[in-house]
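Each in structure tokens, the structures are laid out below.
Next come two complexes built around subunit A: one with subunit B, the other with subunit C.
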Partner chain A sequence: MSCSVRVASPLRSYTGGAATVTADGATVAELLADLERRHPGMRFRMIDEQDRIRPHIRLFVNTMAVESLDTPVRSGDTLHLICALSGG
Partner chain B sequence: MALSPDERARYQRHLSLEEVGVAGQEKLKAARVLVIGAGGLGSPSALYLAASGIGTLGIVDCDRVEVSNLQRQVLFDTDDVARPKALVARERLLALNPAIEVVAHDVELRAANVREVLSGYDVILDGTDRLATRYLVNDACVLLGKPLVSAAIHRFEGQVMTYVPARGPCYRCLYADVPEGLVPNCADAGVLGVLPGLLGAVQATEAIKLVLGAGEPLVGRLLVYDALEMRFHEFAFARRKDCAVCGDQPSITEPRDPPAACDVATLARVRRITPVELHALLVSGPQLVIDVREPREFAVGHLPGAVNIPLGMLRERLGEVPAGAEPVFVCRSGGRSLRACSLALDGGLSSASNLEGGMLAWAATVNPDCVVAPA
Partner chain C sequence: MASTLWVGTRKGAWALRADARRRSWKLAGPQFLGHIIHHVVQDPREPKVVLIAAKTGHLGPTVFRSTDRGRTWKEAALPPAFRKAADGEAARAVDAVFWLTPGHASERGTWYAGTSPAGLFRSEDHGERWEPVAGFNDHPMLSQWAVPPGSPIGQLLHSILVDPRDPQHLYLGISSGGVFESTDGGRDWTPLNKGCAADFNPEPDPEYGHDPHCVAQHPTEPDRLYQQNHCGIYRIDRPATCWVRIGEAMPKKIGDIGFPVVLHPTDPDKAWVFPMDGTTVWPRTSVGGRPAVYGTRNAGKSWQRLDRGLPRTQGWFTVLRQAMCADAHERLGLYFGTTAGEVWASTSEGESWRCIARHLPQIYSLTHAI
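Presenting the complex of A and B:
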């Protein structure tokens, strides 16, 4: 199933500057795997070697925080990739 | 704190609001609000707070005005270049509203002074451009029980959240840690000049609401603004029981300066040992092993005889390491322990070894029965 993915500003270098891209999958993990196929290198910026979400990254499906990569998604959901910002 | 006739005239539009009124304006006059960082965010927030009649406004900034600041830092004029920001801000804010008190803190916030600076204020606004200061301020607000409105910007995107003690999550609950260097700052990445104007105004709004006790603050809600698409998104997030500062078993109990960034020369002095090599060391005789994970991770399973000093407390507790000891630092996967080695060497230890791959590698190659807690 196809979902929209909204990309945090610091990660848009992987999407050619696009703020929104699409990805296929039934779980957050599958969406991230598909994102990696479409935008190589992007997943590792968010997920570490032990498959944990990096501490400066938050993922949300629609408005709800993702605590597990096994979180299911439905067609039409939006996965938001949020990254800590440091500018003031 | 009664209003003078001049103040009644100045704040007449506030007095007309049922949610503010005379009683609310008197609360604003009695309030003490601290703005950390007189930059893109601090400029609009301080201007609006001063205009709104916040009785005591503190400004923390140790930098001087640079010409490249003027594109977004609307507290400053071209003639202010090279002058201290905190002092210029004070002049500007008092010119806007002579009825308030403005305190210029021309200092760099550090663990040593953060309690003293923050303790005089009721609400804290964080608009700093330094990640280390962002965490220092969050931790100090949690420890002191101060509400915090934290905002940050990058290119065309801004984020803002509010922490209210005992009511919701803190900044560390949102982002447990941000490794320096992974998140670009405005100087590196650029920022749309008007962007912090909007975010700073949101921060000032939150501060005023907190003082008034009106409305719903952004507690447990992250507001994300995309200027290019002109969209606001809101995300719910919760307090983390394992938060290092506001969690059930906090490891941060005092404000602390961040560990020094690991420099290449220090990293070159770190000895790297494999699980098999560490096993041989442990079999051959006594070996000090320091596990730098959080206590709850340590409690699930650890190496026999290992001492638990969470990374966040290592700097303060380095004195517990006996002179001449050559400790092996371990964590879950090897990242935190590498930082611990760097800290230990910078702190004067002559030797520090890092278990490569951490407890996960230990369990994979030496002892499959060892249970490794999730981070």
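Presenting the complex of A and C:
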């Protein structure tokens, strides 16, 4: 399943500056794995080594906040990679 | 001999490059603007290689590598990360790469990294891929040695020292946790804190739990180590196992609290510190608003105040543990970067100082490169 991925500005160094890219997968975890294949290094900046979403990163599938990387996605969904407030 | 100072700040990295006489300094940068840069370190074995420990407010920790003296950078393919936790185990994740140390001269391409929370990592390919040092990270005593939360920004593993005579002989410091030694390449570790005060611990002479801020090993006399601790300045001459509080010789009104300690590259009796106010609520600023470096020429038996050129009053900055260094010139240069974004230089072993950069973000590290 192909999904659109909206990339926050702090992560665009991994996407060649692109604000929107595509990724394939049936779950958020699979989308992130595909993003890592296409844009090496990107996943670890968002997801720690214990597969937890980092404290100042938020993921949404369409408008639903992602709480588990096992969240399913459907073709045509949009995964939003949001960098939440992190201080001055 | 050319001189470059790498400046790591809370908002990016800069380079200060000097002419041959070190009279004129030119600031270049920023690189990685907005990144939190804890350490920038050149590889003395291969001076074209420079590593940066970085993260941002949003993004996780990583290491950037340059193989052309900092002109271009590439991110590590496998940054330092703890192993995946087993069921029921504490699940540790690296929050920041805090410290970088090149490995032994005989082990080209080898580096060590210290992290927050306390973790030790090793790379054998010039910082491209990092592996946990299991002998430390999975040591059965680690959870007792380094008890959270550690420093205000978490536990910090720092001062990774590789004995120039033996790549298997390592030291490291943990804030808070103490100084630890390995004689088998990191497979096992032993606390080395006897003689150090731990005024925040009701136990009178604990084996560990101390707060070393910075530990330095003399390169030509590696049995001599100096330590700037949360509770004083110390020296040890191995194989002794007890630190001696050489900060007792500091003026009482100044005290012996600070973050950095810097050694002379060839004279093991010379060292410099930057005292801060560790009284009352611990302001951690220059004592009395009158910043000064203190230096010893006799291994800590006595100290001299070195403040010519520094602000005479109302100078309230702090110098963090990675933010003071020496160069390799015969007429030794000393440098420090402040939490107020200034870089100060002395080409007279601290006799006089001048500001060579200002208006930078809070400086986290200042390292010399050739």
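The working rule: the second predicted complex is superposed on the first by the 84 of 88 C-alpha atoms of A that agree within 3 Å, B and C clash if a C-alpha of one lies under 4 Å from a C-alpha of the other, contacts with A are read in each partner's own complex, and residues count from 1 in each chain.
Methods note: a residue touches a chain if its C-beta (ideal position, glycine included) is under 8 Å from a C-beta of that chain, and two chains touch if they have at least 3 such contacts.
Since this is a predicted model, take the numbers as computed values, not measurements.
**Student:** Is A:60 touching anything from subunit B or subunit C once the two structures are fitted on A? First, second, both or neither.
**Tutor:** First partner only, subunit B.
**Student:** Going by the contact rule set out at the top, does A:40 touch subunit B (first), subunit C (second), both, or neither?
**Tutor:** A:40 sits against subunit C, while subunit B stays out of touch.
**Student:** Going by the contact rule set out at the top, does A:86 touch subunit B (first), subunit C (second), both, or neither?
**Tutor:** Once the two structures are laid over each other on A, A:86 reaches both partners.
**Student:** When the two structures are overlaid on chain A, which partner does A:50 contact: first (subunit B), second (subunit C), both, or neither?
**Tutor:** Touch partners of A:50: subunit B and subunit C.
**Student:** Examine A:16 and indicate which partner it touches, taking first as subunit B and second as subunit C; both and neither are also allowed.
**Tutor:** After superposition on chain A, A:16 lies in contact with neither partner.
**Student:** Mind sorting out which residues of subunit A both subunit B and subunit C touch, each in its own complex?
**Tutor:** In the superposed arrangement, which is not itself an observed complex, subunit A uses residues 8, 10, 48-50, 52, 54, 56, 83-84, 86-87 for both subunit B and subunit C.
**Student:** If you look only at subunit A, which of its residues touch subunit B in the complex?
**Tutor:** Answer in residue numbers: 6, 8-10, 19, 48-50, 52, 54-56, 58, 60, 63-65, 80, 82-88.
**Student:** Which residues, counting only subunit A, touch subunit C once they are in their complex?
**Tutor:** By the definition above, subunit A touches subunit C via 8, 10-11, 40-41, 44-52, 54, 56-57, 83-84, 86-87.
**Student:** How about subunit C: which of its residues touch subunit A in the complex?
**Tutor:** Interface residues on the subunit C side: 56-60, 62, 75, 77, 79, 81-85, 91-94.
**Student:** Subunit A touches which residues of subunit B in the complex?
**Tutor:** Those residues of subunit B that touch subunit A are 37, 39-42, 126-131, 134, 151-159, 174-179, 182-186, 189, 191, 196, 222, 224, 226, 228-229, 233-238, 332-333, 360, 374-375.
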